[in-house]
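Shown next, in structure tokens, is the structure this report addresses.
Chain lettering (A, B, C, D, E and F) follows the sequence in which the chains are written, and residue indices restart at 1 in each chain.
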Amino acid sequence: MYIADETIDKFIKEDVPYFDLTTTLLSIGQEEGVISFTTREDAVLCGTEEVCRIFVKLGIEPTESKPSGTWICKGETFLSAKGLAESLHTAWRLSMNIIEYSSGIATRTKKLLDAIKSVNPAVELLSTRKLFPGTKELSVKAVLAAGVMPHRLGLSETILVFKQHLNFVGGLEPFLRNYQEIKQRACDKSIIVEIDTLQDAKLLSKAGVDGIQLDKLPPEALKNIVEEIRTINPNVKIIATGGITEDNVKEYAATGVDALSTSSVYFGKPIDISVKIDKAH
Amino acid sequence: MYIADETIDKFIKEDVPYFDLTTTLLSIGQEEGVISFTTREDAVLCGTEEVCRIFVKLGIEPTESKPSGTWICKGETFLSAKGLAESLHTAWRLSMNIIEYSSGIATRTKKLLDAIKSVNPAVELLSTRKLFPGTKELSVKAVLAAGVMPHRLGLSETILVFKQHLNFVGGLEPFLRNYQEIKQRACDKSIIVEIDTLQDAKLLSKAGVDGIQLDKLPPEALKNIVEEIRTINPNVKIIATGGITEDNVKEYAATGVDALSTSSVYFGKPIDISVKIDKAH
Amino acid sequence: MYIADETIDKFIKEDVPYFDLTTTLLSIGQEEGVISFTTREDAVLCGTEEVCRIFVKLGIEPTESKPSGTWICKGETFLSAKGLAESLHTAWRLSMNIIEYSSGIATRTKKLLDAIKSVNPAVELLSTRKLFPGTKELSVKAVLAAGVMPHRLGLSETILVFKQHLNFVGGLEPFLRNYQEIKQRACDKSIIVEIDTLQDAKLLSKAGVDGIQLDKLPPEALKNIVEEIRTINPNVKIIATGGITEDNVKEYAATGVDALSTSSVYFGKPIDISVKIDKAH
Amino acid sequence: MYIADETIDKFIKEDVPYFDLTTTLLSIGQEEGVISFTTREDAVLCGTEEVCRIFVKLGIEPTESKPSGTWICKGETFLSAKGLAESLHTAWRLSMNIIEYSSGIATRTKKLLDAIKSVNPAVELLSTRKLFPGTKELSVKAVLAAGVMPHRLGLSETILVFKQHLNFVGGLEPFLRNYQEIKQRACDKSIIVEIDTLQDAKLLSKAGVDGIQLDKLPPEALKNIVEEIRTINPNVKIIATGGITEDNVKEYAATGVDALSTSSVYFGKPIDISVKIDKAH
Amino acid sequence: MYIADETIDKFIKEDVPYFDLTTTLLSIGQEEGVISFTTREDAVLCGTEEVCRIFVKLGIEPTESKPSGTWICKGETFLSAKGLAESLHTAWRLSMNIIEYSSGIATRTKKLLDAIKSVNPAVELLSTRKLFPGTKELSVKAVLAAGVMPHRLGLSETILVFKQHLNFVGGLEPFLRNYQEIKQRACDKSIIVEIDTLQDAKLLSKAGVDGIQLDKLPPEALKNIVEEIRTINPNVKIIATGGITEDNVKEYAATGVDALSTSSVYFGKPIDISVKIDKAH
Amino acid sequence: MYIADETIDKFIKEDVPYFDLTTTLLSIGQEEGVISFTTREDAVLCGTEEVCRIFVKLGIEPTESKPSGTWICKGETFLSAKGLAESLHTAWRLSMNIIEYSSGIATRTKKLLDAIKSVNPAVELLSTRKLFPGTKELSVKAVLAAGVMPHRLGLSETILVFKQHLNFVGGLEPFLRNYQEIKQRACDKSIIVEIDTLQDAKLLSKAGVDGIQLDKLPPEALKNIVEEIRTINPNVKIIATGGITEDNVKEYAATGVDALSTSSVYFGKPIDISVKIDKAH
């Protein structure tokens, strides 16, 4: 995945608008040094490609770099480079931040995925659009690094009918009366409708929508609705969403849905990375 | 705080590169509607000014908006607006994301601050630079909304000497030998040095640096070092950093330091906001 | 549809990097004037919202403006405004270009759509991604203004398997052997495969893919394949693409496909607009 | 000609905001592959330099690339490269679009130029400013690739007096009364005036303007006016504009004008290019 | 002249990346205040339109603002506004810098122009391209505010043949052998050639180029060459350039050239402006 | 110091939006050539790193380049490169402008610094924020190249209390009453207050602020105040500002202040550089 050059430059400029004042003050900028990144916890690594682009922009030469998606173990050094002290100090924290935050997302995603697959390999994990504004490229890259597909990346290419849409057509029934016509207009896309009751699930299954998204239902209730839907129409894809986290994901995975959609991978503690910078010998 | 217009446009374009396909497919775009944002939990609100700018760009008219920094209570509606359904659906999720993430930071910041002040009103909370790359404007705004100052915003205007710097001058002692000269060059700035041992703390206090940052020390050890420093030189400002979270912040506040610096406010669960969109009557 | 502010500014700066030298040379810049746009041919209007944003940026006050999507007839004045001569001359040609090019796309799209619907109202028109690089926002807006949906807006949210993909998995048959697993991973999306032979169409229909895209087939051959597919699996959506233009679109519409996908709307003669600028009285 | 890096990045991001979902879904991204571009029709090639920059950004290695301006013949392969399947699929369509559209402009320009030169080698072809907003860099590059000069690139560095300007000074005669003074202020520039009658042409020739642009005159009428102008003042440059296309360009070239200015090169069918992507052996 | 919105935002962000720390620290941000700008010296005012745009972005309401190009006298207040203290302090220095630097250019330009016109009203002043990179919009605006035309704004729309070009064709004589053909290709443009000897001036005059630019000649030598050129060809425009400053501009104006081209207006002391900010009553 | 890629591209596009028309017109673009930059006066060189990045973007190969900060002597060639004539002519003037303006700042800074150090090596030179809007990266780089620290880079990370702030708290005395509390909130920063009277200096010294900035005082008056402050509180840092130039800097250096802050380095004559471009042999 290609992250735009202006994003990379923004990462640099956010943290170092001009130069590292401390390095300049100590007159150490022209010394040759080495930098190395070591993880303090097991993680799915992410962001090293972007950090290497930053290194190259700053005249730093990467000497070792493991790709995004690599599983790294506590104590493992996954990225090293050499260059001038002023460049290493410019790159240090922003590189660390990129890797810590994106590897955090990748690792949480992988853990959720593994939990789901341990219960039922046929259930998919999907990530939502509820990510920190301004981080879409890096957040999406992190989810992919963990082997998971984003559910929707934006509003313009997929169809997900919410109650907030239905309010303008008078509710679910008027929508379903026009469903065939709507489907024809969007014949190359899946039409998914989000609801939260058994009654609506039955209506949608009978109408033959491509998918039903069930929001914020407890696993037990969800399981019952899934069984009803399967009986009415086995072709309808079923996605559960709302409140799915590490704590309850296995219960949700056991409900028989096709996929679990969650935002919980996008936030949480960054991976703890230690960075050493030393004078070169 | 002014967030750049290109940041605001990026927020829109990340989520809605072109249009809301679902709204278009349902042919409801030209209907008049109303949108309202209600919090599902107590929070320090943040981001409404940016959301209102998005509204105005999309032709939506805000009818009520509480400012960033307002304490909002569970069930409180803090933002309402009216406009065309296509505009409301374009604005919906990205507005929610902006408010949920930035209010999450503001709320965690306020909770930490209150915890600290309940122990010792003379201790300050400072936020670090370890924030999600790409979110600096919004993250800094959120911290300010909670009444807290960022510690350092970048590398170019403040001085913080890390071990990674000292490695290039041969350690702390050579640095201290030149300290007066260094201080003179930076006479308009504070010089703070990060260390993690009592021995180094003593050396720095004697040398009269402006501040000492103590990294990853347990509260008990920290307290002892603080007492030593105060004895040697009461003018030295002392900042604790590393691993300070909601769980241990009160213990740290009781150590006698001047300030606690933490990244933990920047990540964690977004505030849970519900958004209603209805047809206007 | 919201076009980013930097796109609007780019439109201005491309044509007028600094000022209209001719206006300055003639010392007429501070005169009050009026501008009006009149079409020299029937058209689906597009781009007036963007032109009005340009007007406002330049201090020009729109006095009349018909919205994108309006059918305008030869001789009809659809946009008027007043302002200083220097602003009117700055806005003139770039406004004309925006409207002429985007209305050209909208009008060609509408004509194709009408031709199709006159043959078979159940056939949809879809626009491809083959548009002039740098014009995506305006081109997509123009297609929407004519009431047509873009087929795919980019590579990241829809699935279209080309021969160029299949070459990496060993062709169509290995792909179909894994189809169920692939479909499960993308359970929230439609999977469409582009092929160009009857044999492949049969294989895909039996496998139950969501859609088949048939590339560059003559209408007669296409019709036969469509009938075969319908017999095997009536749920498969069928899209024809490749070489569909105003000249042959009716023949394609009569083949029984669900949709016709074409790039021909994106290029061709701009609509001919005349612009008058006069001194205000 | 240097096209800005942000334009190149925009080309990528317009088509591939994040990644090729199809490639990811098929798990073929890490396969090594080769890509080659072959023309299906004779053309003046344009855009390969920009495509190679895109290749390099994506880690694709160009193995053969003919420069912009090359005449390529039907069936000729002019660009090849190798790289990972995920990169090749990211680059494919956007590269094709860049080359197809810009080579379309270059080829139409060259055909017009050749037609003109076959009639009268002393007549020049000039391209106007009426190009698709957002495409200026690529459109200008394409015109240059065909060996033709743009007439005016923008409003700020050349002088072209339109009726829309003259309306503010009271018409042509007041303008001519001040002509010497105006010319003095712009002594380093050519002053060209657009008119459409013999009477105005006579007035301008007598006044000694640098150039006269004659708008939308039929070739026969144009020829008469040209002869009149030449008799009155042989130093005045004469440019014909308005409605000049492939169909009538030879008649216009025979009128004795110095140059023909046309927008018709900027729009029309893109060149038809085929792109093969295969697994590397 | 329209300065792009991203330039305006860059002006803000360069000086105030996030907020005014001092205002926040003093907890005065929400106080209502007034700001006023007064000149400490006579000047041609420039930049108030851009400052007012900044004010509006920051929620400040302009109450008085004189337009760019106004002659302001020592002690005159030309810009006032009211708003919150945090906004006023954000806007203060960057507004002052915009006005001081651009008014400095405008004032130097006006002084040079007046000096020239006092000697010979038929001589024009032209500004060169040698301006501070990054300031082109503001610098050009300032020159225009003083009533002067920029000579060339860039390389792409005007023709100026330097020795550095002639070196590739073998010098001036080979160039002149092809002059008619070159002129024909650029029939809508002036061709100007820069030289610095009488001999070259004679060759160029005989060849009938549109203009001759004479570089770094002392006024006396220049005057002789001008007379020679006028004798040979009175239609050739003559521009002097190189080393023309406030000190010698009158001597150059007396040489009989058509125009003087200088960079000296672009640099020098900014106008001294005082800014008052007070609490509103 | 890393200057953002979009700044570098802006430098190119400001001067050469598309191509060098003169080079194209003369058909010399594909000739191989060499370029070399020689100084016509002694200077502190700045900007060669940025020029080399421009060269590389344009396909020009640098063959010799001295780093920013080098002292170059009249007649010294400090930068050479080779490439196609069209690239060399594209790069020529903008490279020259970058080097001339930034070396001008670096050289003025170095001269002021040397003058100060010749009087009193313990006095520092600081550069202000009063620089030409749009040039911050290049201007700051130039100051650093001369070995000088910027005083404040922006408003968000340093504290400088002006009268304009004090007006909102009721003047200096109310501010001082809350000083300890304010200092505690900003315990990691220096607090500096700008004043211009002995009385205020005494109040501030007694209160123990970190620094006092004295604005626009004549050297003699300044010296007296400095002595008073030193007597009251030897720890207070004293900065003089306002009207310090090459002419009076030594007198100011002799007053006993800790630092002199001046804007005068930012404006003035660019260094005079000659650029040769020749055909390669």
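Structural remarks
The working rule: contacts are C-beta pairs under 8 Å (C-beta built on N, C-alpha and C of every residue); 3 or more make two chains touch, one makes a residue touch a chain.
Just so we're clear, the structure is a prediction, and the values are computed from it rather than from any experiment.
Contact with both subunit A and subunit F is made by B, D.
When the CA atoms of subunit C are superposed on those of subunit D, the rotation angle is 180 degrees to the nearest 5.
Taking the CA centroid of subunit C as reference, the farthest chain centroid is that of F.
As for how the two copies subunit B and subunit C face one another, under half of their interface residue numbers coincide. Of all chains, the one whose CA centroid is most distant from that of subunit A is E. The centroid of the Cα atoms in subunit A and the matching centroid in subunit E are 50 Å apart.
Here the CA centre of subunit E is 22 Å from the CA centre of subunit F.
Computed from the mean C-alpha positions, the centre of subunit D lies at a distance of 43 Å from the centre of subunit F. Mean C-alpha positions place subunit A and subunit C at a centre distance of 31 Å.
Counting partner chains per residue, subunit E has residues 5-6, 16-19, 21, 25, 90, 136, 149, 153-154, 156-158, 185-186, 189 touching two or more of them. If you sketch which chains touch which, the pattern fits none of the simple shapes: not an open path, not a single ring, not a star, and not all-to-all. A list of each chain pair in contact follows: A-B, A-C, A-D, A-F, B-C, B-E, B-F, C-D, C-E, D-E, D-F, E-F. Within the complex formed with subunit D, the subunit F residues making contact are 5-6, 9, 12-13, 16-19, 21, 24-25, 57-58, 90.
The touching residues of subunit E, when paired with subunit F in their complex, are 7, 10-11, 14-23, 25-26, 28, 31, 33, 85, 89-90, 92-94, 96-98, 100-101, 104, 129-136, 138, 154-162, 164-165, 167-169, 175, 182, 185-186, 189, 267-270, 275-279. By the touch rule above, subunit D contacts subunit E in their complex via residues 122, 124, 126, 149, 151-154, 156-158, 184-190, 192, 210-211, 237, 239, 258-259. Touching subunit F in their complex are the following residues of subunit D: 1-2, 4-6, 136-137, 140-141, 144, 149-150, 153-154.
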